[in-house]
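In what follows, chain A forms one complex with chain B and a second complex with chain C.
Presenting the complex of A and B:
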């Protein structure tokens, strides 16, 4: 079933057309990523879906209902912002419970749900802390818990890992995937990180200059880039995720590389030439 | 290299000289208020002048009048200014022509504001005339008497007109940035724009609003020309009474005026201290340095 349907959407900021004509369909419960270089309009698209930027043309439908002209607070489409935007005038638990408070949930239930969500993001017992007492990674997890508390129809993640250290990023990615499995919430991840987009999402939309160049499963995009721009975008390197057991690296059963390194999860990076060039194939 | 270190200090000299002059004047006020003016043959330190000032019913009345003007002006100007600020941001008029119009009262001197107020609000002023012409007023004398009364309504209105835009301007940058980030996040989570404003944007803008409140309070409390031009003969506003005392023919009465100045200084300092403590507590809770 289609959860979110965007048809011929145009977004202008002032006189500048940021997104000339976007169409995108997202299945119920899917995890898709919007991938592209910075400035390609992916965050703008996210904010247009959330209603923060108005559409100048086209339609946005959620659950088959048109929401194009609905104000942000009536859409139930929640963004986890890159800069987190936690409320410093509230405790951690109050932040997480805020969407419930808006929805007039009683104090007792708010408290227990906030506790449950905090434990989902591995922050049990942090409820009474102030925001400034948390590290960047912890703040990001609170932001995630707060977004989940709103039980959004669509969860939008705006480069949520880019402010984190590399070692924290991996943990957060795993957590986001785990929560997606648990809540089955339709999720759109915005990122400029190819590895992130390809390893996490069921489908990826490659964006450039305000247009979606290809919207497909990650392996399809790897192997059959729609045009030279997409190919170009992936050309310099490709990542393969997998794990090493007994010194042998394996990725979904297809590739085996005897490497003789310590066991654990790894990403194998293949440099230029790994992506077939469609131009030549044609 | 050596010059580079010295230059900032050289540039600061004029400012430091002015500051030194102000501090010297304050010390002078305090010393003279305690009864020590060698030139007039007063050489013993005493609190008697303070005691006598606080015992005189007319001066206590003056003190209360000035406090009332300060409280009403600061409260109403802060509320109104905050609303104007929020409206400017909501209507995306946080810069440009509309802002310039809002800013105008800030540029008008207080004495001129007082004259405007007279022209507008006396019983044969512009507003009563308009109301009369519109048939909303049967008789000029039915128009409420805002000016020269003991209520000091005219003075308070003048301060509100001049200071509400100051609050708006002072708060604008902070409120705009909070609204565009945290306020936007609250709306995204399902809060209506009004709710997001009261839950998030307003509390997070309080540092600027309360700072503006303090500035207006202290300014209106020590204000001279507005209550002089728009207020009653009795009770006079405290600074007006102070100036009259200062002009007393007998120079040996000078310490009374200085004790009154001392009272203004002490009350203003107490307000500032209370504000600082309040801010410190609030900021500590939010993990921001005040």
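Presenting the complex of A and C:
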């Protein structure tokens, strides 16, 4: 049962090919992360999924329905942006209720749903405030509540925590996970924070230069990186260049390593052994 | 410190008010003047001759006011709409040739109206639009658009389309997203653009004369010849009407906008 399916997607901005050929399958209700350095095309991929950027080749399917050529407002795919993008001409409750208003939900029901969603993001009673009266963390939570109000098939989070303080970020991550458990909507989190990507997601896709290098479970990526780019992105590691002769690997220096592999030139990669534990406050 | 600053600010305010108001008061005084020979400080005789001419004369005031305000309002509305759309094309959609559009929009600010009005007149005659209201609206648009466009480009670039993008992914169509999210943010720009174009159209003389051929009458059109012919009393009374009516229009306009704003927030 595949929910979101991207096949051979190509995205061009002007004459530049940002994403040459992307394929990605996300199962229903899954929480995946798109991880990669800035400029690798992960935000572009999100905007292409949401329909803000048109695809020049390939398809995007949602529940077997092709949505490649649908305009953004007909896809039911919502992005929460890094810069929150709350509407300054509306109150907090009006912001949250905006997707409902578009869907012609009555005023009474709008108000009660907005209140419910605000309490879901721990902002009970903030409905009448103006946007500029909120802190950054509160604004991010309003943006989250507003996205949930649209009841999206796919929720896209574009580095939603990077504008927040470190101590706020931890709380927001927990909240997002909690909301995902509760609403069970398919979620894609874009981030350049490795720990965030690995700790929050069921599966992670590592992106570089517009390509997905590896798409797997976090522990799998950690222990068996697909290539040295993925490995390097995840941790500091060291390569020893040398060659194998008669089953023994030798470098120019004095390292000798008996390995039962065919003769030839090899790179040996050294990396720290265990997945680092998350530090708990003592 | 703060009190001192306040007092200084107030002094500057009062000074500017005096500098502007006192000469304006002299104009009001002149408009009631029969004879004012040198070296009298105040007019020697008073008269309502100018007001008679103003109200019952060759171009009666109500018609004159009506056509001036109507003309300026049409020009202001059209130039604001055109400027908003053009700014959107060049700043958001980044249409090809936008540099050329920006340059062309700027040209009427550089080339004096008296120069391009001649060529414009020829075009109007060919199109059969000379001596008509439409012709005058067109030539006033050329004068007002550069300012409206300059205001709206800055405004549009500052507002951007980030919020519109957000509204669209939340389910709003392009038009709805623009109306719900972008338009409210553009309001200050729309108001300045409207006021600017209004006052530019309101104070056009030469272009109105040429394109309208005297058929389209405005206050400025009547006022300027009196200044040139040296009838101080008559030019003063039209100046009073010119400034006064513009002020009244802006006051009404501001009040309407405030009421509309209050209505929107409820």
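As a working rule, the second predicted complex is superposed on the first by the 236 of 282 C-alpha atoms of A that agree within 3 Å, B and C clash if a C-alpha of one lies under 4 Å from a C-alpha of the other, contacts with A are read in each partner's own complex, and residues count from 1 in each chain.
As a convention for this text, contacts are C-beta pairs under 8 Å (C-beta built on N, C-alpha and C of every residue); 3 or more make two chains touch, one makes a residue touch a chain.
If you're wondering where the values come from, they're calculated on a predicted model, not measured in any experiment.
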item	value
Room on chain A for both chain B and chain C (clash or fit)	clash
Contacts of A:15 with chain B and chain C, given as first, second, both or neither	neither
Partner chain in contact with A:99 - chain B first, chain C second, else both or neither	both
First, second, both or neither for A:85, with chain B first and chain C second	both
Touched partner set for A:65, first chain B, second chain C, both or neither	neither
First, second, both or neither for A:132, with chain B first and chain C second	first
When the two complexes are fitted on chain A, the stretch of chain B hitting chain C, from 9-17, 99-107 or 135-143	99-107
Set of chain A residues, in rising order, touched by both chain B and chain C	50, 52, 71-73, 76-79, 81, 83, 85, 87-89, 98-99, 102-103, 146-147, 150
Touching residues (chain side chain A, partner chain B) in the complex	50, 52, 71-73, 76-79, 81, 83, 85, 87-89, 98-99, 102-103, 130-133, 146-147, 150
Sites on chain C touched by chain A in the complex	162-163, 165-174, 176-177, 180-181, 184-185
Chain C partner contacts - residues on chain A that touch it in the complex	50-52, 71-73, 75-79, 81, 83, 85, 87-89, 98-99, 102-103, 146-147, 150
Touching residues on chain B, where the partner in the complex is chain A	181-182, 184-193, 195-196, 199-200, 203-204, 285-288
